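When the chains are written out, they are named A, B, C, D and E in that same order, and each has its own residue count from 1.
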Amino acid sequence: MRVTQRVKRILANYEGENPGTKGNLARILMHGKLGGTGRMVILPVDQGFEHGPARSFAPNPDAYDPHYHYQMAIDAGLNAYAAPLGMLEAGADSFAGAIPTILKMNSANSWATEKDQAVTASVADALRLGCSAIGFTIYPGSEYQFEMIEEIRELSEEAKSVGLAVVVWSYPRGGDLSKDGETAMDVTAYAAHMAALIGANIIKVKPPTAHLEQPEAKKVYEKEGVDISTLSKRIAHIMQSSFNGRRIVVFSGGAAKDTEGLLNEIRSIRDGGGSGSIIGRNTFQRPREEALALLDSIIKIYQGKA
Amino acid sequence: MRVTQRVKRILANYEGENPGTKGNLARILMHGKLGGTGRMVILPVDQGFEHGPARSFAPNPDAYDPHYHYQMAIDAGLNAYAAPLGMLEAGADSFAGAIPTILKMNSANSWATEKDQAVTASVADALRLGCSAIGFTIYPGSEYQFEMIEEIRELSEEAKSVGLAVVVWSYPRGGDLSKDGETAMDVTAYAAHMAALIGANIIKVKPPTAHLEQPEAKKVYEKEGVDISTLSKRIAHIMQSSFNGRRIVVFSGGAAKDTEGLLNEIRSIRDGGGSGSIIGRNTFQRPREEALALLDSIIKIYQGKA
Amino acid sequence: MRVTQRVKRILANYEGENPGTKGNLARILMHGKLGGTGRMVILPVDQGFEHGPARSFAPNPDAYDPHYHYQMAIDAGLNAYAAPLGMLEAGADSFAGAIPTILKMNSANSWATEKDQAVTASVADALRLGCSAIGFTIYPGSEYQFEMIEEIRELSEEAKSVGLAVVVWSYPRGGDLSKDGETAMDVTAYAAHMAALIGANIIKVKPPTAHLEQPEAKKVYEKEGVDISTLSKRIAHIMQSSFNGRRIVVFSGGAAKDTEGLLNEIRSIRDGGGSGSIIGRNTFQRPREEALALLDSIIKIYQGKA
Amino acid sequence: MRVTQRVKRILANYEGENPGTKGNLARILMHGKLGGTGRMVILPVDQGFEHGPARSFAPNPDAYDPHYHYQMAIDAGLNAYAAPLGMLEAGADSFAGAIPTILKMNSANSWATEKDQAVTASVADALRLGCSAIGFTIYPGSEYQFEMIEEIRELSEEAKSVGLAVVVWSYPRGGDLSKDGETAMDVTAYAAHMAALIGANIIKVKPPTAHLEQPEAKKVYEKEGVDISTLSKRIAHIMQSSFNGRRIVVFSGGAAKDTEGLLNEIRSIRDGGGSGSIIGRNTFQRPREEALALLDSIIKIYQGKA
Amino acid sequence: MRVTQRVKRILANYEGENPGTKGNLARILMHGKLGGTGRMVILPVDQGFEHGPARSFAPNPDAYDPHYHYQMAIDAGLNAYAAPLGMLEAGADSFAGAIPTILKMNSANSWATEKDQAVTASVADALRLGCSAIGFTIYPGSEYQFEMIEEIRELSEEAKSVGLAVVVWSYPRGGDLSKDGETAMDVTAYAAHMAALIGANIIKVKPPTAHLEQPEAKKVYEKEGVDISTLSKRIAHIMQSSFNGRRIVVFSGGAAKDTEGLLNEIRSIRDGGGSGSIIGRNTFQRPREEALALLDSIIKIYQGKA
């Protein structure tokens, strides 16, 4: 399929990047059932690192096998598959060229007593495994936020110099942030903006609630009458905060909810102009056929067919 | 489109390569109208370097514009586009992600008094431009053959380590080789074999004639009764000489001929099991519509439809 | 002996690795009495570093001599011998080519007040000593877990690039983990999974108890009815957690017990599909003849003869 | 099999090498039907590079396939398989760990007008492909001899520092040497000695004739009554010239001859104390069954059974 | 003098080292009055760094002059002289070739509040000053033990690669160790063992007392009946803990005592099989003639003449 006008307009926003990085963004944007629409659905499987294998895969034991996820992402017609080093290595040869991959470069685990992550891969790994992008989590607000930001800065510079794209998971936590604050409107917008500022090509945040965490920010939102009354308005504000829509922003599935709740959330992301979804647990913790059906429903929503 | 079984079988032959290099081979093999068939047609535009702009582009002045060739390769549904640094740079951003590109790393010119080429690009260039492969010409037989082989050895090691594929133009010339010898059966088979031995992923040679140049080789061909009576038999022998068909071999258009002559040559390449064609002058020296029609005819032949 | 089909199937799971690393895995898998079966028994002698020489060797003073352990591993027909730098250097020449060796790259000692280890060797050491693999301990859960993971990440990338295999000792400890938690089912499965995710080729964990340490994980094990009632079921769950059996996992001897208790444990490892054992103290703290007899019993179990 | 006393005595001669290099020599010396005897038979397949594919493989077309040679070396129970980069890459994964391999690092071709070779691989290639040794040809006497010697010096230093062994093909040619002189007694002894002097671990030369090429040398041979009357005496003199037997020296098959002639030559090599044979064309230009039978006869001779 | 059989047997234990490092060990072992006996006495002068000049040299003001110590070591017929960078530089030219020197690479001072040392020289310094070895102190048990071990690991790898020998001062302190514990039997044996494990060629520890510090170790010593009743028995146990006597271990003068006390300690070291002594303060804080006499007495003891 030809690179569409829609995708070309998106690529044109990345005017600081070299053609290699744009080409890899194009690969992701042009792949799968949403290829060419400017929307994307990505399958991330780093849950095993974060929560351990049983909590991740016991509900659907086929998912213990790394090949399962590659195949799922391909069969569902997703845009890309993101995972830590070992998961990608375990299928990189069998699925060479089959789907754009994103090497998740850092990970935490359930036992961490500090809000930090370990770097577990290199840009050279991403190249030899044929990845299109690197992925990296930052925790704005944590006591390690500056170290994390400096790590991704270095990795990002290296990755972009060799034509890879950079995906940043921007998850505020720690410091004075309340639990509710982690998904507050102002905090999420801030997290997305910060990711854009450090050069992220694709930004991942959680769908924001209407909560406003920071008093100073609250005053402004109220004074200026920023409309954050519905999720789609809030999504639109996130896009606005991400260089007025010049950056791709994808949203995670958020808190566990029923399927209809999830699909309505997707509709709001779409209506708010969000770039798409990154759906992990909601995918691989269901039986394969159910997961494929769910992903198809999500894709239809982004296609404007549902 | 899913990676086909045919392409998977081809990739499996590259067992010394990492998943990145296999992924880039897959990108080329899966792109365009021949995507998934295991065949390929590549557009090379290094003619300007070799013969100067007027000899190359005056017959079809639109072709002076580097964008013309990108667009041609895309519109014709080819597998890849190969060109020197400047040509790729001149369109790399406009056509990011639109078609796999091959950075031709060395070039000669009309004024060269020695059978050598200058290296004009780096592996880092290939990465920042988003290329899928590097291309390199060797002149087996020339007084510079060992230097050229040592150059591609180094570039090839570097390119493969970062997941790029390697295309070698293997053009015997110089030394004791006669002009006819440059395209002789024995010489061309040897040139293809040598390219495979130095680690080429894709080998480009000229369609061989029935001439046998080297007396020692001639004896063997005759004694063993190697059938080289038709072009398709000769193509089959080239494939055999390229690790028994384990390497992709593409053929240039050969000596100037009329369209029907060219299409018959393509049919022979197809029937002999050749991997495809790399068609430069025969493409860009015709008016655009004619060229598109010609390439479509060629593709139909490789698809078995003509 | 030819590389067996069983071993070839195991090697095929390491699809991200180059042929050098696979070759070294093959050397280990094809060596000794279990050569070709896909099972392995490894002798590790890093006890002296961890607990001092007297606690390690006084029960069997011949074991003070580094040559003793090389000879033991050879005479018992084991697959490999693992030790810190000094121990390997002290016999590397006498036993060159005699048995695959694993250079243990980091070590703690009894006086450490932090749950960390010192790196005591380099990848260059492993090459000049002719080792087949490097070994590295991580302490998931400790306050140094991320530093340790980042150390092995770097060493692993370097080791694999030169064709060495990577063995990770994954020993949870520290943080909020209770003493019982260190060998809990959920914790051990998580530790094995994490080692796989960071790219370990061979994973070493302790045989897990039926204890479930983490409340969130406990809920899942109970809800999903994961059968962990017997050691062999628990071993099977470890293998499942290690990329569904795509990674080699070996088990240490666990808590001190009598010989029959140890052999029964081995039977459970075998029945659960575990890849084998790594038996240190239980080997070198017995008189040589007893140790040889014990190892022979263990090997017979893995051979299915006992 | 345990490293034999015979092999240990051979290894002890390499006292300048680190345990890694000795370990790789041991791997070669302990592999195959001659494993442990101190003798070796190696299959080299660089003929395609030197003479082209048809002259090399047309007599036995199965040999066009790189897998054919790996399988031949394994099935015949040889000690090692030596080939250029592309040949090894084409089977390195399928045959990982199956047989020690030697990466032939430089090659000439039939069209070379100078007595030189091109370097076509790196030490890093040897490591990632899991090779036990590098191989390199020098042409003592040629106008490029010093360049070649300096190339192998650098490669050898690098290879040994990472535990690889070094095999030197020492083929005098060029300069004032007559055609007969290339295999003369004095010249071959000199070529073997020179290879030993530059640090070769394994030396390959051609079986010497009784011809004495250099007048000054001739005088000494005659004055001192060096007995070179039979091939086995001449082989003994080669071994003597290779540090009094402290270096492994293997002999190529020499000029084409009938099978009995070849076997008699092998008997002379054995009786003269030669380390073994390196048999290319005589192997792969025969049908597989014939080749296996021939190699078995050769091995039986070295085993002292024929 | 020829390298003696005794020294050759010692060198043979260093089988992981290259001939350069063995040669430097031989230089030390063959120098001075004890040359060839396998015993050694070394003069270390790093006291000034540790305690300041007045505490070190005021009792014998001639010792302020660096030449004094070189001359002392030479005149006394010692095996080697060890000192920090500045001390060696101050006499390196005058005494070039006169006595083997050991460059002490790290030092603490009286004002340090942490149990660590500063690295004050490089391996390049050792080479340009013509040293035979580098020396390095580790403090097993201290909060910096892992950093110190990692420092010597790197320096040791570099030093050995250029043919230098490595001497490790292994001085337990810090953490939970009591003051008595620092010279306890179990702790000293552990310290010596750890130095051997990290690759020390020569190990320096303090003569151990009969105290057993670690409860777990105490149990083993008692249960196994390890005889530590006399100093010579304890020395023998240190040697056993140093790879069963495969490593050279030298002992410092220990706590202040009268001359006869010191000589008796030396006799115990000799009788226990210790490799020798390293005597600083006891040497240079006496008048020169007295010191020479003392050293002569010590040497006579090691020669078995007293």
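The rule is simple: contacts are C-beta pairs under 8 Å (C-beta built on N, C-alpha and C of every residue); 3 or more make two chains touch, one makes a residue touch a chain.
Values in this document were obtained by computation on a predicted structure and should not be read as measured data.
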Chains touching both chain B and chain D, listed by label: C
Neighbouring chains shared between chain B and chain C, ordered by label: A, D
Copies chain C and chain D - rotation angle from C-alpha fit, nearest 5 degrees: 180
Of D-E and C-E, whichever chain pair has more C-beta contact pairs: C-E
Numbering shared by both copies at the chain B-chain A contact, with half separating same from different: same
Separation of mean Cα positions, chain E and chain D [Å, integer]: 49
Between chain C and chain E, centroid-to-centroid distance (C-alpha), Å: 36
Inter-chain centre distance, chain A versus chain D - centres from mean C-alpha coordinates, in Å: 57
Centroid distance [mean C-alpha coordinates] between chain E and chain A, Å: 59
Contacts with 2+ other chains: residues of chain A: 92-93, 124, 129
All touching chain pairs, where touch follows the definition stated at the start: A-B, A-C, B-C, B-D, C-D, C-E, D-E
Touch list for chain C against partner chain E, complex: 48-49, 51-55, 57-59, 61, 64-66, 84-94, 107, 109-114, 116-122, 124-125, 129
Sites on chain B touched by chain A in the complex: 2-3, 7, 11, 18-27, 29-30, 74, 92-93, 95-98, 124, 127-131, 161-163
Touch list for chain B against partner chain C, complex: 15-16, 18-19
Chain B residues within the chain D interface of the complex: 13-17, 140-141, 143, 145-147, 149-150, 153-154, 157, 172, 174-177, 186, 189-190, 193-194, 196-200, 214, 216-217, 220-221, 224, 226, 237, 240-241, 243-244, 246
